[in-house]
Amino acid sequence: MTDIKAALRAQRIETPSWAYGNSGTRFKVFAQPGVPRDPYEKLADAAQVHACTGIAPTVALHIPWDKVDDYADLARHARELGVGIGAINSNVFQDDDYKLGSVTHPDPRVRRKATGHLLECVDIMDATGSDTLKLWFSDGINYPGQDDLRARQDRLAESLAEVYDRLGEGQRFLLEYKLFEPAFYATDVPDWGTAYAHCVRLGPKAQVVVDTGHHAPGTNIEFIVAFLLREGKLGGFDFNSRFYADDDLMVGAADPFQLFRIMYEVIRGGGFTDEVAFMLDQCHNIEPKIPGQIRSVMNVQEATAKALLVDRDALAAAQAAGDVLGANAVLMDAYNTDVRPLLAGLREEMGLAPDPMAAYAGSGYFEKIAAERVGGQQAGWGA
Amino acid sequence: MTDIKAALRAQRIETPSWAYGNSGTRFKVFAQPGVPRDPYEKLADAAQVHACTGIAPTVALHIPWDKVDDYADLARHARELGVGIGAINSNVFQDDDYKLGSVTHPDPRVRRKATGHLLECVDIMDATGSDTLKLWFSDGINYPGQDDLRARQDRLAESLAEVYDRLGEGQRFLLEYKLFEPAFYATDVPDWGTAYAHCVRLGPKAQVVVDTGHHAPGTNIEFIVAFLLREGKLGGFDFNSRFYADDDLMVGAADPFQLFRIMYEVIRGGGFTDEVAFMLDQCHNIEPKIPGQIRSVMNVQEATAKALLVDRDALAAAQAAGDVLGANAVLMDAYNTDVRPLLAGLREEMGLAPDPMAAYAGSGYFEKIAAERVGGQQAGWGA
Amino acid sequence: MTDIKAALRAQRIETPSWAYGNSGTRFKVFAQPGVPRDPYEKLADAAQVHACTGIAPTVALHIPWDKVDDYADLARHARELGVGIGAINSNVFQDDDYKLGSVTHPDPRVRRKATGHLLECVDIMDATGSDTLKLWFSDGINYPGQDDLRARQDRLAESLAEVYDRLGEGQRFLLEYKLFEPAFYATDVPDWGTAYAHCVRLGPKAQVVVDTGHHAPGTNIEFIVAFLLREGKLGGFDFNSRFYADDDLMVGAADPFQLFRIMYEVIRGGGFTDEVAFMLDQCHNIEPKIPGQIRSVMNVQEATAKALLVDRDALAAAQAAGDVLGANAVLMDAYNTDVRPLLAGLREEMGLAPDPMAAYAGSGYFEKIAAERVGGQQAGWGA
Amino acid sequence: MTDIKAALRAQRIETPSWAYGNSGTRFKVFAQPGVPRDPYEKLADAAQVHACTGIAPTVALHIPWDKVDDYADLARHARELGVGIGAINSNVFQDDDYKLGSVTHPDPRVRRKATGHLLECVDIMDATGSDTLKLWFSDGINYPGQDDLRARQDRLAESLAEVYDRLGEGQRFLLEYKLFEPAFYATDVPDWGTAYAHCVRLGPKAQVVVDTGHHAPGTNIEFIVAFLLREGKLGGFDFNSRFYADDDLMVGAADPFQLFRIMYEVIRGGGFTDEVAFMLDQCHNIEPKIPGQIRSVMNVQEATAKALLVDRDALAAAQAAGDVLGANAVLMDAYNTDVRPLLAGLREEMGLAPDPMAAYAGSGYFEKIAAERVGGQQAGWGA
């Protein structure tokens, strides 16, 4: 139990700056009171999540949504709030030029512009001290024949190679894959195999990031996790949950058992280290954002605690004996355990309130920002 | 062949006003040149589709996107352009009040407001002479427990009954179902069974509309079509196509064989009449809008022509004999036929150019609107 | 808590005779030691499940797999073992005549034969005292055009009506639906809407049974449960679980949270009565069968206990207030509770061992049947 | 057109010996008249398919279903019939030892046995002159925790390496992947990424085979084809079609447009050579087997003809110009062409009847085998 508590105490879950801004669907973005107007305010909100949970000390930025004149100043601001800058997320899907693609666009001018943006993100890594660049490409096509599937891979490879070469010491990029949306017929990095193949060609600074909402129905995500860890190519997670498509619901909300199985494979595969980044990537379309992030951090933490509770010796013995029900039962015993008392105790040992949701609700922070953040332009995707 | 041509000549496909405005995904709406600024300009664009295809004489409106002060004037404008007003589409998903639902919202005030909007749409039917109200509800919940699934059905039934009672002589409403989006955990009208059950309780003026993009993976849509026709409850189609979710691509683009099978069941089930409305409901996110609509109308027409070509006597004989390959071959013979020469001939008989896409491209219309429609606010979803 | 225990004590979960025989996939049926050779031995095994769990007092039969000369004798045998005969399951998919369908077959001779079998099953109900007939039809087609979708509905309706009219006082039938398999293009009762529409036409003795493995990906099963309960048409469950298709794994093994949500809707909708039958329908292809059934009964029981723990007043208050996270949290609090101590205590109050799996393992029953049941033909599907 | 005809004349499609035997689902195998009793009779049937189509000159074997004492004699028999032996398919899923896996089984004894079978298949390659070994593993687990996902990869890699090393000059193996079935929770080679990663580590004699029915819903198969060709790792196809899962229907029956898109990517990617094997892998559960194969060969041929008709210069120009509708139209023009007259003419040039289905029906072959093949044990899967 001491080991488990130590492991849980060391866990780090990164929250994304964009979770604090407005988000929605193509049908409607519902604004919420108190939403930040700029990256500084987003960091302040993220700091509340860390203050309540104790395990969310970094914040991912999204460029250009979090563009500022002075990144060093932003990083200093973060430190003052008790948090740090995490991964830099590039955005090559919102400029009018990117209607038919970014780094895979048929027009070399557009590709140049897109790659330029990615290189600029590495500059921002240098400026903020971030060591991770997250690359998600919305690139793809909507209609068969619209563009050449293979030529787009050539263009993608060329851009990735240029960005890879720009990475400095201790820097890496994570390549994200996604089945569909916003491209509907073919996406240029649709699955882990595609991301993996590109990363293998590039070298050790290129790794795959698993967004838990980006798979076809029926995909076994924990298998992918186990496989990528075996290959040394799992760079991290974009956590969220979904029932159907890329719903971007709170992680663990749709299928907590799946989250547990994923965390078990992370631990079993030696991925519970600083190497594999646990990041949230969610949209709180209808629920309040800061509590949505707190709940999500707690959900990952609870799944981790359960995964740490698995009696691995008993499991290995049952597996070796071909005891199907016995092996399954070892796993389920851990899953069925109520770990909330354990985590409440851990928080108290860490000097935190035992219930982060209640702590936040009682803090008065929401009332404060709702009153203060009046006027200006609320942050959002600007879609 | 004379019969087939007569049937094709009589076909009516309705285009939606919103297809002419901008649309996109939650990630980005890419604006296009020449996009209408108001419902009058949308009707003008729709009239071009009809002028080129000869079979798209009506235009569906969407309220409030097509709100005008004087609907009689709008209808007159349409008539002058050679088209008419088709179905009125309600919108109870974009007001801030509807964040947690419209007619199924827990708060009676919001439900009242939503039902009021639906009743207003019937007023607009009266004013425009439209005989069809299309009801799509984005209502649903994102998280288990968020609201009571059954109570929401009670509220839905109550609102539908009120709207049903308001319908006048010769008016009907079509209830649309959709698996998910924008609600991600549970949608209040998720499938045809739910829509059907409500319509059966209400009576003959309530029918189900099948949006071809609103089903779970693996659903056999033509079965639903056949079943609803057998029950007298198929009111019409919202045509589009998709590879994954509700992609809203051009109908027939993703799976032309499926579209053919659907049209075959419509014909076989006696639904190829004015009773069953053939409507398009699509988003031309990256392709030009008017040609996108023309192509879509042509795709439905081609599928219809192929379905009409099925040798139904030969099919029935093979089916009765249990000749699996023979029966399938009868269907495939029709599908594999290239009907484009037939349709080109039909168009010439109708006084149209044989190739609608070329006719539009050569008309100069696009160049005209791109030059003229400068300034103002382009129409869109306003999400 | 007293109420919860009383409810759990009253719960009845029916196990299926075929779960005790061999089963497999089209690739291989792996035989297991100790498998029953006849219906009498199946009942003996089922009695063990009841002896260990205390809540599995009835056994479903499958005709002709469980055909015997004297059903009254079989029922008496069951009673002596401490169990009773549950639902009678018809089988119109394994005779060579049924290659292209049973009650929907194009040939009236085959339809007559199939309907005759269904009527014979009602005779067996009379003989055994069973009050429930379960109807699953594998009927469907593999290729577009193979047969007429609508004519098959007419034939289905005709057969169902004849069986319905044969039902005696206090008897009912449950109509099962299934997306696909063994028919691959179109199944004649593919979804709940189809089953519901037929049952509504027939009357109160016809109800829908929900097999939890028979849905398209992404289908919200608990919504269907809530809807059918509201309509008075939920007759029962065939419980099992699946990751992909109709995997027939142990219920609760693939998605325990889904099972909990289903049980919550059962309770919330007033379906936790004798009216709604909780039946297992599973294949233990690789795990031992009796423990597989015990584990499954326990999984349903645990999900039920959690669902009973939901604080419905708190939930209703949060829902009414539009408190998305609060309402979800009320549900999750119940789900996250470890109910195993509660259930162990309940079992001891009922005079049972606290751990049914351990009790069975220690009983020596398996060793006994493995030694005794040598020779003869092991029961199975005979596919 | 001359080039197209030459290409079509050179196409080679391999039929599988098991398509001529009985097959079915877990619910029922329906026997058919005239089914072969041994591999010699299977080859005779396959020779009919080649005689009627002119492009099916080889037959894949499945060991042990096609086990004979003298493989050289079997190969000589094939030659006399005008066909040759194609790929050797291994089977490590039907021995009782393989209940929990074959090469990934926890028990080294079972793994040794399984690998031994694979090596024996290479011996049969030597004896028959076959140059291709097809490896499909049903290995996987049904329940979370049942076995260690990562350890199973280690065992798989070890076995593959041993088989790889045994391959002789001019021999290769194709590694098949499959999402699920018969394993339901996790399959050890579930997707192309897994197969690809293993093949890359092994070297040039290991390639991936794409079974068109083995993907998750929504997967873009032609993307995988294009990607693997770009990587030099596409070894061939197991063609069939499906609506839902691994239905094993006739290729092109469920989605002919998808088959066309796949063939287009094969041609575009330089895969229309001897390097990429076009193999059928189907189950004719309810339709007659020889005509089922003939129709399937024709479906692949028609899709190939359409793909060859694509105006690639026009397509490239439209793609380069970002003309979404224009590029799509180029592709669709080819797809919408009725290529049956072209293929009928080609057959006549090749000295064949223009309509293979009619030619077979009129040949009297079926009546002959139905009369002669009486008694003995019909071939099948023996599941």
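Every chain is named by a letter (A, B, C and D) in the order it is written, and numbering of its residues begins at 1.
Just so it is clear, contacts are C-beta pairs under 8 Å (C-beta built on N, C-alpha and C of every residue); 3 or more make two chains touch, one makes a residue touch a chain.
Everything numeric in this text was worked out from a predicted model, so none of it was measured.
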{"item": "Touching both chain A and chain B (chains)", "value": "C, D"}
{"item": "Pair of chains joined by more contacts [C-beta pairs], C-D or A-D", "value": "A-D"}
{"item": "Approximate Å spacing (C-alpha centroids) for the pair chain A, chain D", "value": "39"}
{"item": "Chain centre separation (chain C, chain D; CA means) in Å", "value": "37"}
{"item": "Touching two or more other chains - residue numbers and ranges from chain D", "value": "100, 142-144, 179-180, 185, 217-218, 220, 243-244, 253, 257, 286-287, 324-325, 328-329"}
{"item": "Partner chain B, residues of chain C touching it in the complex", "value": "100, 106-107, 142-150, 153-154, 179-180, 185-187, 190-194, 196-197, 200, 215-220, 222-224, 226-227, 229-231, 257, 261, 265, 268-269, 315-316, 318-320, 322, 324-325, 327-332"}
{"item": "Parts of chain C lying in touch with chain A, wherever the complex brings them together", "value": "217-218, 220, 243-244, 253, 255-257, 286-288, 291-292, 295, 302, 324-325, 328-329, 335-338, 340, 357"}
{"item": "Residue ranges of chain A touching chain B (in the complex, touch as defined)", "value": "23-31, 93-94, 96, 98-100, 138, 142-144, 179-182, 184-185, 217, 242-245, 247, 249-250, 253-254, 285-287, 381, 383"}
